[in-house]
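Everything on this sheet refers to the single structure shown next.
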Amino acid sequence: MMQFDSTPRALRRAFLTLLASAGTARWSVAPAAQTPPPVLKVVATFSVLADIAREVGGTAVEVTALVGPNADAHVFEPTPSDVRRVASADVVVTNGLRYEGWIDRLIKASGFRGPVVVASQGVVTRGVSGGADPHAWQSLANGQRYAENIRAVLVAALSARAPARVAEVEARAAAYQQRLAALDRDTRERFAALPAERRRVITAHDAFGYFSDAYGVVFIAPRGWTTGSEPSAKAVAAIVRQARASKASALLVENISDPRLIERIGRESGLKVGGALYSDALSPVGTEADTYVRMFEHNVKTLVDAMSLNVPGASGDAGAVPR
Amino acid sequence: MNGIDVPALPNSTQLPVVAPPAIAVEDLTVSYRHHPAVHHVSCRFEPGSLTAVIGPNGAGKSSLLDALTGRVQPSTGCVRTGGLPRNRLAYMPQQSGIDRTFPLGVLDVVMLGAWPRIGWFTGATTAQRAQALLALASVGLAGFEQRLISELSVGQFQRVLFARVLMQDAPVILLDEPFNAIDTRTTADLMRLVQHWHDEGRTVIAVLHDLAQVREHFPLTLLLARECVAHGPTEEVLVPRHLMRAQQMAEQWDENADWCAAPVLVSRAPS
Amino acid sequence: MTLLMWLQGMLIQPFVEFGFMRRALVACLALGLSCGPIGTLLVLRRMSLVGDAIAHALLPGAALAFVLFGFSLWAMSIGGFVAAVAVAGLAGLVARLTPQREDASFAAFYLIALAAGVMIISIRGNSVDLMRVLFGTVLAVDDASLLLIAGIASLSLLVLALVYRPLVVECFDPGFLRHLGNAGAWVHALFLMLLVLNLVGGFQALGTLMAVGLMMLPATAARFWAAEVWSLAAVAALFAVLSGWGGLLLSYHANLPSGPSIVLLAGSFYALSLLIGRRDSLLARQLSRRSHRKA
């Protein structure tokens, strides 16, 4: 049964299914033929992983995410229905690197005994205070690693139950890898085209470490600031001074933090306040960042726009946070 | 504390007192949770009369006053005030209904009596302020105007309430147990004030407990024990026969009394 | 550097240099001026805990607005306001029409509202913290919030000045006001409306802690300095403004979070008043025992 998230996606999936079938020399009777039902129930911890799993698994899988779009995995509290969902899943996909502090308890509570994918396995991590930075998907090279890890487990699970579907998944995974690789190349080129001193932005949430390393963008984080705590006037003053002095191009807002303060700082320091960057969650279906690829494309576009424009002073209407 | 010098008492508006209308109570019943506090009472308060309302505890005296002022709606019957608007009835409540810890000054409380003339927004005129000071002096509280009411004794606060009634300059005055818990000297002083009102031609109705006081100062008495036991000249009402009957009737509080056979109508008290 | 220059640097300079400090100060000023009298009246009416109740009463309105209109700040603020007004209005009505006291009816309705709000959010399944959108912080006051709160403060002061007398009488001797006409009910409703308006505006601009803190703490402290209603209100407003100014400076110089700094400073004013205030403080009581006049 197809997941009808939105009509364009459904159509796209139908088309890809056709291609996959053609690749194995099996012809569907007609484009309107019944698509084969999903074999595996996959539960991913959050929306980014869910999307990658969907791209790789296609119609062979039915994917749900525990932490949905625009939600914060750090403050997620599982409900009884989440426990049930995990219990009835065939595969669970997690990020690893201690991103989901609650997943171990949840799996234990549900009694799930199937395969658990640690999507970040094999990724070269970067260190931050307190361990490794878990936001590895911010680099597309790592994203490819994620897709590969997921593919491996999905194929293993399918081989046991529905070996006929394995080829379809392999093909999808290969296509997806190509897509990610192309996007990676493209992104590197775009940033390389900008002068180094423009590639500096200020953003509140420090989730873009991998992105920064991969593409040469400097993310200036306000010191000692987390989304949870309330800042002091001294900290805000320091950031304003820092913003004024840092020669950053812009101030960017993230989709899970209080944007009002960021706007205020932007106005005060004369930096352009850019749009939202998506880091920990996709946006809802039908909006600009509803898949991993689109999220990435959106972030890149926002950053490049912010860095390229030479508009000093006024922050303009870009301060509106898309909701 | 100064005594009250009656001849010096002013008529606070310097105008002749408006002749009060008669107040007619017709088949009045006031009930709470189906039990009547006032049960089918009919009587008439003539203009300028000075009437004491007495009766045992729970006889419905305060409820009668509440019905006269329009604070409660009667279950049956009505109160006719002959066209007098409600705010021309001055009502002095028992102190228990008032928050005496509230940070108000004595003068402010007295000036409230002039509310209908001052209204919400305008300030008080100097003339009205002078009247208020005079009213305070009349009740023996000259010099107290800046004090807070929380600093006053019960007797002093009662005087303040009297001063407020003075300010109201109303043709009809209702007093609910005005001499509760105050000493004889204060009582005597304030009684002279009441007498003065009677001399000015105002209708005064007072709920009281002290029979000696009633015999001495009040020409008319209404003896109430949920129903009207007797109403008329004091010496005719306060006889043992009536008093005993009143006592008996008040002791008849019955949880399971039959429903009253008289027709139950809800009517508003027309003005 | 002379003392004067040092003082200027410490007390004035941060506001000169940074716009956000100026805005925060103006917001505190506006809120303090209108919350002074309102807080005083709340304390006198024994409704001191109502502020926190109203913060929770916002939830069902905001949640419903979220369900219907998505994450729109405007829709949620208006929804929250309507819910709070409904709770306050119903509580006031119940207190008037039945023997139940206002603090009890307030407790009942705000709890109902809070539970309803949580229910709505759970059914919708989104664990996003809605309330974070509704509650601002003092350092992030933007133009819209500033206008809102300044407008509310001006309106409140105007209305309070107009209905000051009936409002006071309604507290002190409600029977008297009722006897003169039914205006008492309207005045009380107006007061509740102003209360909710100030609180919701305060929440939006400054957050719950600060809004309720600046409303209640100065009012409770004023009691140890002033005697009459108007002077209580004036002292409360003064304390509120001083707390805002001083708290911001504390946050700036000592690197402390702004909201708690302001409220704790207000709290220390309270503690100080309690100890050494002019009227009925612990010290005053000690002293009055030692000596007395002749009459």
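As written, the chain order gives the labels A, B and C, with residue 1 at the start of each chain.
Operating definition for what follows: contacts are C-beta pairs under 8 Å (C-beta built on N, C-alpha and C of every residue); 3 or more make two chains touch, one makes a residue touch a chain.
Just so we're clear, the structure is a prediction, and the values are computed from it rather than from any experiment.
Taken together, the touching pairs link the chains end to end in a line with two free ends.
Most remote chain with respect to chain A, judged by CA-atom centres, is B. Chain centres defined as mean CA positions place C nearest to the mean of all protein CA atoms.
Chains joined by the most contact pairs: A-C.
Rounded to a whole number, the gap between the C-alpha centres of chain B and chain C is 41 angstrom.
Chain B has its Cα centroid 79 Å from the Cα centroid of chain A. The part of chain B that touches chain C in the complex is made up of residues 69-71, 86-87, 89, 91, 93, 97-99, 102-105, 109, 112, 115-116, 120-121, 148.
On chain C, the positions that touch chain A within their shared complex are 14, 17-21, 23-24, 70-72, 122, 126-129, 132, 136-137, 139-142, 248, 251-261.
Residues of chain C touching chain B in their complex: 44, 162-163, 165-166, 168-169, 171-173, 175-176, 178-181, 183, 227-229, 232. Looking at the complex, you find that chain A touches chain C at residues 67-68, 70-72, 75-77, 79, 229-237, 240, 258, 260-261, 263-265, 267-268, 323.
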